[in-house]
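Note that chain A is present in both complexes that follow, paired respectively with chain B and with chain C.
Coming up: the complex of A and B.
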């Protein structure tokens, strides 16, 4: 067993002013595991690392303990400086004597000294007992699967192709475009849906790096980041692919307002999608139109704002005013949600065109009048406090986007979670297009209701994220932490001790543990690429078969034993 | 080396992504805390096995605190949620054995909640200080440190 060299930092009196470093030095020197103890004025000043390294080399020791500031302060800098000098980063540990000790126990020097001694002792136990995780390297397949060829998926596939990767674009429809294919005018630029995507469709066609699979579904996905085995079910039978990354762009559905505001009972009560169809087949046959916002949204069941319905109603109201001679349009809303300069200008444009806006309270929704055919709406105007009656022969209901059940099935297959509304959950809050399963990315309305512009932007973002992963060619399992270099290690299963109970499989938040049949019994196996070393499997294993070598049971046991050594 | 006089020995398992950062922030603000606690950094509260808590009591700790991220805000997706359930279950066992479930503290906070960290440590110190000594019923060999 190689001995440990200890460097204690006085931090120009910040530590030594409270903690009795001399008594700690004497105590540590009597520990047989310790080779030398050096008390220094500082460890982070220029030249300190070189001097420390010279001492380490001179004594020929393999493990280093630093007693200095917190790992979130300059300690990491000191460790990195030592690594730069040629010391193996895994053999350097630090005990927090400043933020965790001197600075919070300034009025109790004796207690602080006791605590410092204990914490150093515990770190020595760790250095003595820790082992290193065996790393594995995984070759990354240089291809990606993009599921869904709407604006988000199309832009993701084009982005990947532009960055030099083969993209397999899968859609259940016959042609790319998704929901935009049905829309004759898209806010806020007022171009037709297919026209908006024309450039991307053109780019994808005849691009050797993009292969489009129409009328195709994803039958199964197996494997892990870098090497997913995909089976597609299409009109020409099944296709097998091996891809390094998966981009989910499966989109959403629109809520069907059955039973709300006379939908299905009264003629002339339609959804926004039916409005689009009327525009597609010519001018709508109406003398005026009333739009009701937040139908089935921002309520107890769906407390979210679907974001697209307000601009959508603005667009269609303006269209009625423009295209139907003499027609009036009114929007009954709870709040008009038009964030940003572009949409706000769009709202002002609608006001200038004479679209009427009436605000209603959620607990006093508008009432629909009519017999067989809608004849008008009675609404309590929340601002003027008066009840108004508006005559109309067309009532358009703005319903929110809701999660597509097919996306939920795919999410189950890809082992990624969905949120409370069935939308696919991103890694909140700092990884907006990534999911719990490394190598699986999300964009567009499968993730959350967004406009087509935002969906295209998210597709690009997912493509760049996927490309930066694929571009590594091979990846080491230890480098698969979300923060570079921050992964502790990974869990290792002892096949001899494992009884195959499956506790680890149930608890693993990354689905990294699998039961594997060997002979006549099952044993747990850890997919190292997926493991993030949280240690959940360690704490539920009844046999101690699961261990993280860096913080194995010997380490923790010995640290616990030493925490209050002198009081026992 | 001075010896401990107090009957308060708190072992804190603090997760490296929330609890420990809170401790660091409390340190930077020099918030005065009782020097009765020792910290074992862990990746996640989910790593803390019930066995470790019991071992801590057997090794001289009179209180154990497990401090992780907020439930729903765990860095490892939802790993601290089953940990919470597991340790709540352990609490009933501690009650049954006579150690007392109130000697185990489960705390959840985010990285920037240094006030919460300080308040948690202070309040738990006060609480454990008010409990009767554990020495009386420790096995003799453990109590005298001959293990």
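Coming up: the complex of A and C.
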């Protein structure tokens, strides 16, 4: 059995001033599992790690126990310094004798010494019985799949291609561009949609590293980070791909305001998209325009702000004022959502151009007047407290972006969650384009309503994240922790003990557990690349079949026993 | 359009907040070298001062801690703390920068966080760097220090020295990413907000530190004047912002920040009456609007649309806030126990006077697309936006494309 070398840190008296390190040393030396015990003044000062490593090498030991400070103190630095010297990170354990013992039990040195002995004994039990997880290495396919060729997907595909990776860009439409193809002017720079994307579209056609698949859908995705097996269904039948990463950029849809504010009944009541079409085919035939915000949004059914509708109305209202001689424009809103400097300046510009802004309360929405053709709007102005009637022959309804059911289906295929509104959820706000499933990235309005500029930036972000994953070439399952080098191990299923109940499958937050049919029964299997060693499966397995070898239930039981053992 | 992955670049990232850290980590992950320059004692920036994140209400430091640790453990990232960019010159496609790195009194490589300096200091200027620093080390506030060296005498690791000299670092760079973040601008010139006239009129970052669970009151909601529990708190939005006299821009983060703080107060101390006086309640991110709608069983934060015209301390205690409630059209004068001012956030570069050490700025003080930037120096942004912009800035600096 491999023996354990122990280093105890006095921490300049911070530990040794309370805990009797000499008695601890003698005690540990009598433990047959321990090869040597060295008491040092420090472990974290320059040169300490090299000296400790020399001792480890000299004794030829394979397990190291440090009795020092908390991992939130300098312990992780000591471990890392030892790793840099060439010690395997998983063979080093630490007991927190400073923050966790000496500092909190300063008034009871004898008690602190007994507790320190227990803490060290627990770690010895673990080191003695520790088995290492069997690692697997996955060769990462050096290609990526980008689903959706709107601003976000185009920008992700171009980013990946420029970084040297093959991108397969799939869209259900015939040409790249997405929703922006229908926009004649994009806020806040006021360039035309296709013009805004021209460089990216051209690159997607000219760069040999991008292959565009028009009128194509993703039929299935199987596999995991580094090696996804994808099947595409296109006009020429199905195509099979193996890719290392997937970028989901499928966009969103716009809510159709059927039955709201006379839409579908009165002539002259249109959506923002229909407004865009009018601009595309020339000047809109109107004498004035009124825009209503939050149509079908920020209500009980869709309790969210769709981000883009306020700037969109500002743009189109300014266009009416600019392009239709003598025309007036009014925006009826609940809050003008123009955060930041650029959009706030855009709002000021609209005010200067004479666009009228009227605030209404959600519980007193505007009422539409007209017979066959819209003639005006009656609105209770929440600021002046008066009801106003505005004559207009054009009423534009600002409806929100809503999640595309096709995106949700893809999310299920890629095993990533959607939020309560159907948009695809990121893993955490600090990692906004990464998902729970490693190797799968999200960007654009499939994730959450954003402007085209933000979608392009998110596409670039997804490209960077996907490229640095692909750039690793091979991935070891033990390197797939959230913090590099900090993954404990991964769960392993004992096929003999497993009864196939599926508890592990139900609780695994990373979809790492699978039931697999072998013969006439199902047993659990762990996809090691996905496992983050959180231990959820271990805790729900009724048969003890799920274990993390580094810390299995026998070891944990022994550690608990030692934690409460009487020390003399 | 050539393969850029084989070309390893050296990039200067200015600013060690969440934007700078994210950009540095993305660059390092791509195999590039990074010099990360931070003006403060440690990485973390403004997020390190936050107690909670919206909309999760989770601790802010935990994810930040992980990112800081990854940065500090990365061999590709060289961190320069207490540093500033002295000069920056473009030489063809390359950049030459001179960094001035001040020497800390306490060497973080040697400090073991034992706190003996704190006990020895007669002036109380030795303190932990920040509550959740990794690794936890002490700093000495040189401005208020009497240089008595009592701390140096008790320091067991000889980490404390008063005679360390600043260092000049010359860097030859492929790209520069600006991520220098924001500062609160003084509201003293805008007399109507009453900032500085009463200890219970605080800016939102002052309040965040004051109410922090890891702060001096351990999460208790107290008045700063007498440490009594306040009966009411007014959160004033757009203080100094969306105002052509000071900051024309909307600072983008303050509506959610105020909602977070006010709801947190309600959760800790439900009897405190919390009112947010806002102009437009800007809740555009994922789950933000629902966050604003939470009503705590009818005892929630009250949202009043109106902008105060005057805030002033009352002679017998309390603070008067004069405003028009635009939903009723009535002018009100109401007494509050505390006032929290929100909105006065400005890019740090906007007040950097030396154009030789900063990029070209637009009219409102934000970095123009002629340089690569991310986070608040580019455009007011919260953590999520900053992280997205940071990755996008990393891509552009790898590829050498601007805009």
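We take it that the second predicted complex is superposed on the first by the 550 of 568 C-alpha atoms of A that agree within 3 Å, B and C clash if a C-alpha of one lies under 4 Å from a C-alpha of the other, contacts with A are read in each partner's own complex, and residues count from 1 in each chain.
By our rule, contacts are C-beta pairs under 8 Å (C-beta built on N, C-alpha and C of every residue); 3 or more make two chains touch, one makes a residue touch a chain.
Source: prediction; values computed, not measured.
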Should the superposition on chain A be reported as showing a clash between chain B and chain C, or a fit? fit
Would you check which partner chain A:339 touches, where first means chain B only, second means chain C only, and both and neither mean what they say? second
Touching partner for A:264 - first (chain B), second (chain C), both, neither: neither
Applying the document's definition of touching, compare chain B and chain C: which contacts more of chain A? C
Based on the superposed arrangement, let me know which partner A:113 touches: chain B (first), chain C (second), both, or neither? first
Figure out whether A:23 sits in contact with chain B (first) or chain C (second), or with both, or with neither. first
After the superposition on A, what does A:139 contact: first (chain B), second (chain C), both or neither? neither
Looking at the overlay, does A:60 come into contact with chain B only (first), chain C only (second), both, or neither? neither
Three-chain overlay: angle at chain A's Cα centre between chain B and chain C, nearest 10 degrees, stands at 80
Please indicate which partner A:354 is in contact with in the superposed arrangement: first for chain B, second for chain C, both, or neither. neither
Return first, second, both or neither, reflecting whether A:405 touches chain B, chain C, both chains, or no partner chain. neither
When the two complexes are placed on top of each other via chain A, what is the minimal CA separation of chain B and chain C in Å? 5
Chain A contact set shared between chain B and chain C covers 72-73
Considering the complex alone, what residue numbers of chain A touch chain C? 11-14, 42, 44-46, 69, 72-74, 76-77, 80, 159, 161-165, 203, 206-207, 298, 303-305, 307, 335-345, 348, 359, 361, 382-385, 419-420, 423, 425, 428-433, 448, 454, 457-458, 460-465, 467-468, 471, 482-485
For chain C, which residues count as touching chain A in their complex? 1, 3-6, 18, 22, 26, 29-31, 53, 56, 63-64, 66-67, 69-70, 73, 109-110, 112-114, 134-136, 156-157, 242, 248-250, 252, 280-290, 293, 305, 326-329, 362, 364, 366, 379-381, 383-385, 387-392, 394-396, 398-399
Please give the residue numbers of chain A that touch chain B in the complex, ascending. 23, 27, 70-73, 96, 98-101, 103-108, 110-115, 117-119, 122, 417, 436, 488, 507, 509-510, 532-536, 538-540, 548, 551, 556-557, 559-561, 563-568
Would you mind writing out the residues of chain B in touch with chain A in their complex? 1-4, 9, 11, 20-21, 23-24, 26-28, 30-44, 46-50, 52, 55-56, 59-61, 74-79, 82-83, 86, 142-145, 147
